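What follows are several structures.
Look for chain A in each of the two complexes below; its partner is chain B in the first and chain C in the second.
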Partner chain A sequence: MKLLTHNMLTSHVKGVTKGYPLLIKATEVKVSEVEFNPNFVSRMIPKLEWSALVQAADGLGHLQDLPAELVTDYEKNEEFLRKVHRVLLEVEVLEGCLQCPESGREFPISRGVPNMLLNEDEA
Partner chain B sequence: MRFLAGCILHGNSNMAIHCSRTCLQYLIHLAHDNVDFRLPEIRSLLSLRGKSFDPCENFKEKSPFWRLNGLSEEDVNSIMARTVCAKSAFELWGHGRTHSELRTSLLKYPTENMSPFLQKDSTYKINVYTFNKTLEFEDRIKKIDAMEYLSFEGRVNLKNPKHIFCLLEDYGTDPNNIPDEPLYIYFGRWIADGQRELIRSHSVKNRHFIGNTSMDAGLSFIMANHARVKAHDLVYDPFVGTGSLLVACSHFGAYVCGTDIDYNTIHGIGKASRKNQKWRGPDENIRANLRQYGSEKLYVDVLVSDASKPIWRDGMLFDAIITDPPYGIRESTRRTGSQKDSVKPPEDYVGDSHVPVSMAYHLSDIFTDLLNFSAHHLVIGGRLVYWLPIYRPEYCEEMVPLNACLRLVSNCEQTLSSHTSRRLITMEKIKEPEETDALAHLSDPHFSPYQGHNAFREKYFSGISKRTLTGKEETNKMAANGGE
Partner chain C sequence: MKLKELESCLQQVDAFEEPKILLEQYPTSPHIAACMLYTIHNTFDDIEGKLVADLGCGCGVLSIGAAMLDAGLCVGFDIDDDALEIFKRNSEEFELTNIDLIQCDMCSLRSHAYAKKFDTVIMNPPFGTKHNQGMDMQFLRTALTMATTAVYSLHKTSTRGHIQKKANDWGVKMEVIAELRYDLPASYKFHKKKSVDIKVDFLRFSTT
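Let's look at the complex of A and B:
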């Protein structure tokens, strides 16, 4: 699971109102090289919840020098875009789980794939 | 007076040159399959260039030849770089019902438009294409020789010419009634070929990971085009299966993600869909499919999830949503939730020990949920493209689900049998959802889910029972093919 996806996921446990962002409990994380595409990163930035991204990267120990606040005029700032690219697409949680911050319910991640299914009594 | 006259003359000659370049017509030669899907595909690709579809007089949608106005050569190259419906495009120099009319038309074509391509120091060749007729080699040569009224100054080079010209003769579309003389003739400069080669290169037959309902390559590229998928987009498929639609979208440069309720399919484990293969290998999953075609860098994620559940936070996250929801025939429709009778997991289930109980996900709810999801999570101007299964004897346009935030762009039918078909529906988001939208169904019945879709499975099988197979045999046959 990449942090781009994590940034868009929320807990849908019945009755939960503050299900975002999900907490990441990772047992295996992989960093791989993915071709940098400044256009894609630029277009994604306005769609992101920035503080959730920073929090998630930090939690995994991969924050490095990503700024806590979104920088202005980022479209032309290649250095900044590269930092965002690394965190969005190059850091992957292979094993672990996503935890609902309100109910504590855990959604397992195995082989890089989160399982968001709830049981019949929770849905 | 003289000064004024000079200005007017100057103005006129500029206008004449300007008009002759923009009044260029382009001839598109289209393939004869998926006929209903062609116009929406070309329109969608034109709109990516900010251009509208402007055909010449006597436009016939079913014809393999379309003459279009108002385009530049760059527009045409862009379209041909994406289309799987069109075979080739030509800059049209002349046309007519007879060779005599063609000649008149060609001699009227501005010489300043022709001369850049007929230069002494360049090379060229002339192809003769005849549609619905085979022509002997000598006859082809005769037709080329008859074009000598055009001043070709360059040298002929059959292997690697700088410019290619084509004489195209249309002998109609009825193979049982081929006329002696062509019905229509065109002559033009070849610009580009379409992407029909993708149908072969991306064929599901050669794909690492497939399932029973993997979308055929041609249709998946058509869907990506109807959805106006472009580079740097983020595209989502909520019923992703084996990822065929993601393969097509990533080919056009979009980043892709998907979800599916089926754990085995998402993880690429369990029984194989190929004949002679029992279990899936380690390299059989959606990510491997993208890797096969060189688009792994565009793979975002796939998740196991129920499409009816809200796992995505609020916001306009996706540029396009492209999907083939289950019809309840070969793959059953499912969702999590309580049900009186519990469902046993299939024999080959190798996943988690706890299996969430599946209940029948009514087809009509799938579409309402899908449209509602799209209204909330698409960007403005983003498109939803999906297949709607139809029981033909009952079909009427009112069955196509609507949503206050989405406008219907196209509705193309693909016949599956005498009594069933599926329709490719394309919708475009025009506004953000408002509080009052939830009440829209009270005033307009189109917004209420059409309940007739729920009985699709029964209607599908009732039709079959009228033929030699009984419904039960067909169900068993389907089950043996690996349906859930």
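Let's look at the complex of A and C:
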């Protein structure tokens, strides 16, 4: 599970109104090399919940020097875009779980795949 | 990458080992997958550098093709453990780094779950023939909330009129890109013929 994907995930357990962001509890994390596409990264930034991304990266110990606040004029800032690229696409959670901030329900992550399926009584 | 090359690569993608009939699991043939992806990429430029979702991804043939065509990231969605297992194996074999997977039930997502998060949605959804009537439309409805640019999907030609009406209701534009013959080889015990051709529309939906 990459952090770009994590940034979109919400808990929809019955009764939960604020199931975002999901807290990452990782037991295995991998960093791999992914080809850098500055245009793609730049276009993804407006879609992100920036603070959730920073919180997720920090929780995994992979924040490095990613700023807590989004910088202005990032489109042409290659250095900044590379930092975002690394956090969005190169850091992957392989094992662990995602915890709903409101209900505490844990969604397992196994072999990099988060399982967001709800039981009958939770849906 | 040429169409023939893409098709040739996709022939290496492993399909379902024991397809589950209630989930209507049929593999998308390498030929159909390659034709779809090639058109989406070359005619519409909706793959390269884009955030793509593959709903009901199964073993991942469409996602793997999209990743090979340099999608920024392709995220596959499926409900089934076994299919996702095979998808994982496939993406590892192809050494693709621009793929991610989510296990979930497309039919029980809240309407705003992934709203406008993706540029493009590509899918070969269940047709709704196995006690799951209407599933193709559910997938389509969800896909339309998720995509900002376009949704590409396969649906039975016999449902074209019905889908066009729905598209009008929803305020989306529908284009029939191609009519395909989906060759379904006998994959379940109850299949009597060796293979059957189903007429299928390759559709593009957009908001503009």
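Going forward, the second predicted complex is superposed on the first by the 123 of 123 C-alpha atoms of A that agree within 3 Å, B and C clash if a C-alpha of one lies under 4 Å from a C-alpha of the other, contacts with A are read in each partner's own complex, and residues count from 1 in each chain.
As a working rule, a contact is a pair of C-beta atoms (placed from the backbone, for glycine too) under 8 Å apart; a residue touches a chain by one contact, two chains touch by 3 or more.
Please read these numbers as outputs of a predicted model, since none were measured by experiment.
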{"item": "Touching partner for A:Asp121 - first (chain B), second (chain C), both, neither", "value": "first"}
{"item": "Which of chain B and chain C A:Glu35 touches, first, second, both or neither", "value": "both"}
{"item": "Which of chain B and chain C A:Val113 touches, first, second, both or neither", "value": "both"}
{"item": "First, second, both or neither for A:Gln64, with chain B first and chain C second", "value": "neither"}
{"item": "Chain B versus chain C as contact partner of A:Tyr20, first or second or both or neither", "value": "first"}
{"item": "Touching partner for A:Ser51 - first (chain B), second (chain C), both, neither", "value": "neither"}
{"item": "Chain A positions touched by chain B in one structure and by chain C in the second", "value": "1-2, 4-5, 8-10, 12, 34-35, 37, 39-40, 43-44, 47, 89, 111-118, 123"}
{"item": "Chain A residues touching chain B - in the complex, by the definition given at the top", "value": "1-2, 4-5, 8-10, 12, 20, 34-35, 37, 39-40, 43-44, 47, 49, 89, 108, 110-121, 123"}
{"item": "Chain C contact footprint on chain A (complex, rising order)", "value": "1-2, 4-5, 8-10, 12, 32-35, 37, 39-40, 43-44, 47, 89, 111-118, 123"}
{"item": "Chain A partner contacts - residues on chain C that touch it in the complex", "value": "49-51, 70, 72-73, 75, 79, 84-85, 88, 97-98, 100-105, 108-110, 113-114, 116-117"}
{"item": "Complex contact set, residues of chain B against chain A", "value": "231-232, 234, 255, 257, 259, 261, 263, 266-267, 297, 300-306, 309-313, 315-317, 336-339, 352, 354, 356-357"}
